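In the two assemblies presented below, chain A is common to both, partnered first by chain B and then by chain C.
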Partner chain A sequence: MNALIAITILAPLAASALGLLWRRNVMVRDITTFAGLLAASVASFFILAGVADDGTHVVWVGDWNPEVGIVLVADLFAALVLPVALTIILVVEIFAIGQRRTSWGANPALAGPLLGVLTSGVSLAFLTGDLFTLFVAFELILVSSYVLLTHQGQRAQIRSGMTYVVMNLFSSTLFLLGLAIVYAATGTVNMALLAERVPELPDAVQLGIGGWFFVVFGTKAAVFPLFSWLPDSYPTAPTTITAVFAGLLTKIGIYAMIRFHTLTDMADLGPAMLVLAGFTMIVGAIGALAQTDVKRILSFHIISQIGYMLMGLGLFSVAGTTGAILFLVHHMPVKTVLFLIGGLIENTQGSSRLSRSGGLATAKPWLAVLFAIPALSLAGLPPFSGFVAKLAVISAGVDASSSVIVAVALIAGLLTMLSMTKIWIGVFWGAPSEEAEPVPTRRGNRRMMITATSLAVAGTLTISVFAGTLFDLSERAAIELRTPGTYAAEVQR
Partner chain B sequence: MTNTSPTTHSKSFSVLPASVALITPIAAFAGIYLLFAGHNNPGGGFAAGLVFGAIVTLRSLAGVPNRLDATSLICAGVLIVVAVAAAPLFFGDALLDQKVVSVTLPVLGKIKSGSALPFDIGVTAIVVGLVIALLSGLRTGDVTEGDSP
Partner chain C sequence: MSIVLLLAIGGLTGGGFYLITARSLSRIILGFGLLGHAAVLALLVSGGGPGAAPLVGNGADAIANPIPQALALTAIVISFGLTLFLLALAQRRQDFSGDDLVEDDLEDRRIATQHERNGS
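This part shows the complex of A and B:
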């Protein structure tokens, strides 16, 4: 188990170094980065199997004592999210290898290795058991994301990249200050110890810490009103990069929030979270309606969906947390797939603008099918995974008799459906656009991109099929998080 | 990769290159000291890397050509760090666990070191590599025109 956990963090890092070293040998470079990501994602499935059977596994890095040491904790929540995240990156890497030789692609010598560094940070962020290592993981992810976002050096990318970097540096600075505050108040940054010590603090200090980290993680997660950097920056990056960012980055903010705020039992913040969750849902959904570009519509959907996860968390009940976790697991692959399909649309039309596409339902019916499945799932229609996830969150809201937020969630779902229809009408219906200029792509590469997308769609369908199992696992993870002392007892054992 | 400075200094004004050449060994010594001191005192791989990086920066300002390849340094550094981090797993120890070795040498006395030393050297290589990459990046600063895809 120790080795498996090490693999998820170290293998992508080592692969990225090797890939960078052999960046001129295309074959070796692609195989090395792919192998590193594959090793990590296979290991993560074994971790999930192990944790589901034998319970939480803790790694004391370097055998230091709990107060100062680094600890990696594979509890059910982490083990559940990790394989989903790593598999997404793996699928995107397949797509990226296919896309690399087209003019839309990210610079292959950079994107592969940096994706490795990002993956390593993602694994670390999920597995870490202390706040400082979480900060390091965030930085690892962010620094590689800065480069991935702007490395093509186009004007629009640099402009929106600027906002992205400034926003994230702002929240990282707040994070660092928050760490100092937490350490001053409790004498530790270890989450297991925090779970015991934070509830003993005076109420005002508790609320202050909870609110502070809500702002920190909320900025990363693009929660209203700190969301404006997202729809601006994501659509400018190459498809593969956006797909990874859309699937993972904001979700890591939500993940950290779910972990930190349930462990330290910040139920007092619940009402504030619910209000912001409502605004996030509605603003994201309405923003999506106003857009005229596939990638921009999808970017606004990310924000709206973040609202649902925040709602699950804000209810501070086992059912709510279960819903949030399930939503997280469902949302990551679906969002990534939608962006990959956005990339395919761009590839066949030469642009992702709605006005410049049309008639794809007759020209490329398989693309329409590939789009319809995750789109319906995202809007929350049965029998897809989105339905199960939304149902879990909304029924938790009904249980807690928070009727306002439930109503808002339902309206936002309807608006999401509307904007999906907008993409459908614009891209798939109507006469084929005359302005379409397909990006020249070699047959083999194109096949690779389609294979990756189909694999990912199949993956989201698998999630719908195993929704029952996933619900049980999410519920177990939620109970672990919501029961005071469980996490702490496991870590200190 | 051989970087030649875009501004070749004039032959008549060679105070800067001369003083940089004088300073280099002293600064390098300080860097090596920091690398070793880092185990128990202020210093360490990152601090040493910054000092070495400062040397590289000074030399490139003075127009001395630089023969180090940034990417190879970074890659080598990352690989060393990963290897040191993962190695204890093969002996059944915790991730990143370190072995401490002490030897008594004639002149230097008792020296305590261990597997943290290669780790620090790896970190140093990464930092120096980054500084070199930054310097060569600053030389070629162009923004591609055109809309996003």
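This part shows the complex of A and C:
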């Protein structure tokens, strides 16, 4: 088990180092990067199986006492999210290998290895048991994302990259100041010890710490009103990069929030979170309706969906947390797939702007099918995975008799459906209303891109097939998180 | 806890925030420099009072708390790297437009003007 946990963090990092060393030899570079990512995602499935059977597994790195050393904790929550995240990155890497020779492809000599660094950061962020290592993991993810976003050096990327970098750097600085505050108040940054010591602090200090970290993680997660950087920067990056960002980055903010705020039991912040969750859903959904570009509509949907996860957390009940975890698991692959399809649309038509595309339903019916499945899932229609996740969150809201937030969630769901219809009408029906852009001659390895997208769509369908099992696992993870002392007892020895 | 250090943290944070709200990226970079120092000082203050160098055999009571120092060191390295990245970004921006100002969301503005045109 220790080795498996180490593989998920170290294999992608080692692969990216080797990939950079051999960046001129295309075959060696691609195979090492791919092997590293594959090893990590296979290991993560074994971790899930192990944790589901034997319970939480803790690694005391270097055998230090948890008070001074680093601990890695594979509890059910981490083990459940990790395989989903790592598999997404693997699928996107396949797509990227297919797309590389097109004008939209990321520079393969950089993108592959940097994706490895990002993967390593993602694994570390999920598995870490202390706040400072979480900070380091965030930095690993963000630094590679800064480079991935701007490495082509096009004008739009530099412009939006500036907003993205400044916003995220600001929240990282706040994170660091927050760490100093937490350390001054409790004398530790280990989450298991924090779970014991934070509830003993005076109420005002507790609320201050909770609010501070809500802002820190909320900026990363693009919660209202801290979301403005997201729809500006994501669409400018190459498709593969946007797909990874959309699937993972904001979700890691939500993951950290669920972990930190349930462990330290910040139920007092619940009402504030619910209000912001409502605004996040509605503003994201309405923003999506106003847009005229496929990638920008999808970017606004990310914000809207973050609202649902925040709502699940804000209820501070087992059912709510279960819903949030299930939503997280469903949302990551669905969002990634939609962006990959956005990339395919761009590849077929030369643009992802609605006014410059049309008629794809007859020209490329398979693309319409590939789009329809995750789109309906995102809008929350049965029998797709989005329905199960949304149902879990909303029924938790009904249980808590928070009728306002339930109503808001349902309205936001309808608006999401409406903007999906807008994409459908714009891209798949009718004729292009403006002159279509010339389709470039170098279109990359289309078969590989389509295979990757189909794999990912199959993955989202698998999630809806195994929805029952996933719901049980999410519920167990939520009970572990919501029961004070279980996490702390596992980590201390 | 030293009042001088607290005042220094407050001053650096205030100055840093002020600079970050500027439109020019070079000012923002300076702002992040100040904020980074404030965060590192805050970590140092959070470790408690001064003491002897934290070496093995010095006795647990006499030594300064080494953990915040280790955290501060990591934070310094990260902020150093990111400052360089921001400078490179500002340079690239200058290649394009001759300045280093942060611009508005262009697509947003395009949608807004389109809406105005349709309305009138």
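Throughout what follows, the second predicted complex is superposed on the first by the 479 of 493 C-alpha atoms of A that agree within 3 Å, B and C clash if a C-alpha of one lies under 4 Å from a C-alpha of the other, contacts with A are read in each partner's own complex, and residues count from 1 in each chain.
As a convention for this text, contacts are C-beta pairs under 8 Å (C-beta built on N, C-alpha and C of every residue); 3 or more make two chains touch, one makes a residue touch a chain.
Bear in mind that the values here come from a model prediction, so they are computed numbers and not experimental data.
With both structures placed on the common chain, the touch criterion links A:190 to neither chain B nor chain C.
When both complexes are overlaid on chain A, the residue A:321 reaches neither chain B nor chain C.
When both complexes are overlaid on chain A, the residue A:3 reaches chain B alone and has no touch with chain C. Once the two complexes are laid over each other on the shared chain, residue contacts for A:377 go to neither chain B nor chain C.
Residue contacts after overlaying the shared chain place A:346 against chain B, while chain C stays out of touching range. In the superposed pair of complexes, A:61 makes contact with chain B only, with no contact to chain C. In the superposition on chain A, A:16 contacts chain B only, with no contact to chain C. Contacts of A:33 after superposition: neither chain B nor chain C is touched. Residues common to the contacts of chain A with chain B and with chain C across the two structures: 153, 155-156, 158, 235.
Within the complex formed with chain C, the chain A residues making contact are 68, 132, 135-136, 139, 143, 146-147, 150, 153, 155-156, 158-163, 165-166, 169-170, 172-173, 176-177, 179-181, 183-184, 189, 228, 231-232, 235, 290-293, 296. Residues 2-3, 5-6, 10, 13-14, 16-18, 20-21, 23, 59-63, 70, 72, 103-104, 152-158, 235-236, 238, 346, 351 of chain A are the ones touching chain B in the complex. Interface of chain C with chain A (complex): residues 13, 20, 25, 28, 32, 35-36, 38-40, 42-43, 45-47, 67-68, 71, 74-75, 78-79, 81-82, 85-86, 89, 92-93, 96, 102-103, 105-108, 111, 114. On the chain B side of its complex with chain A, the touching residues are 71-72, 74-76, 78-79, 82, 85-86, 89, 93-98, 142-149.
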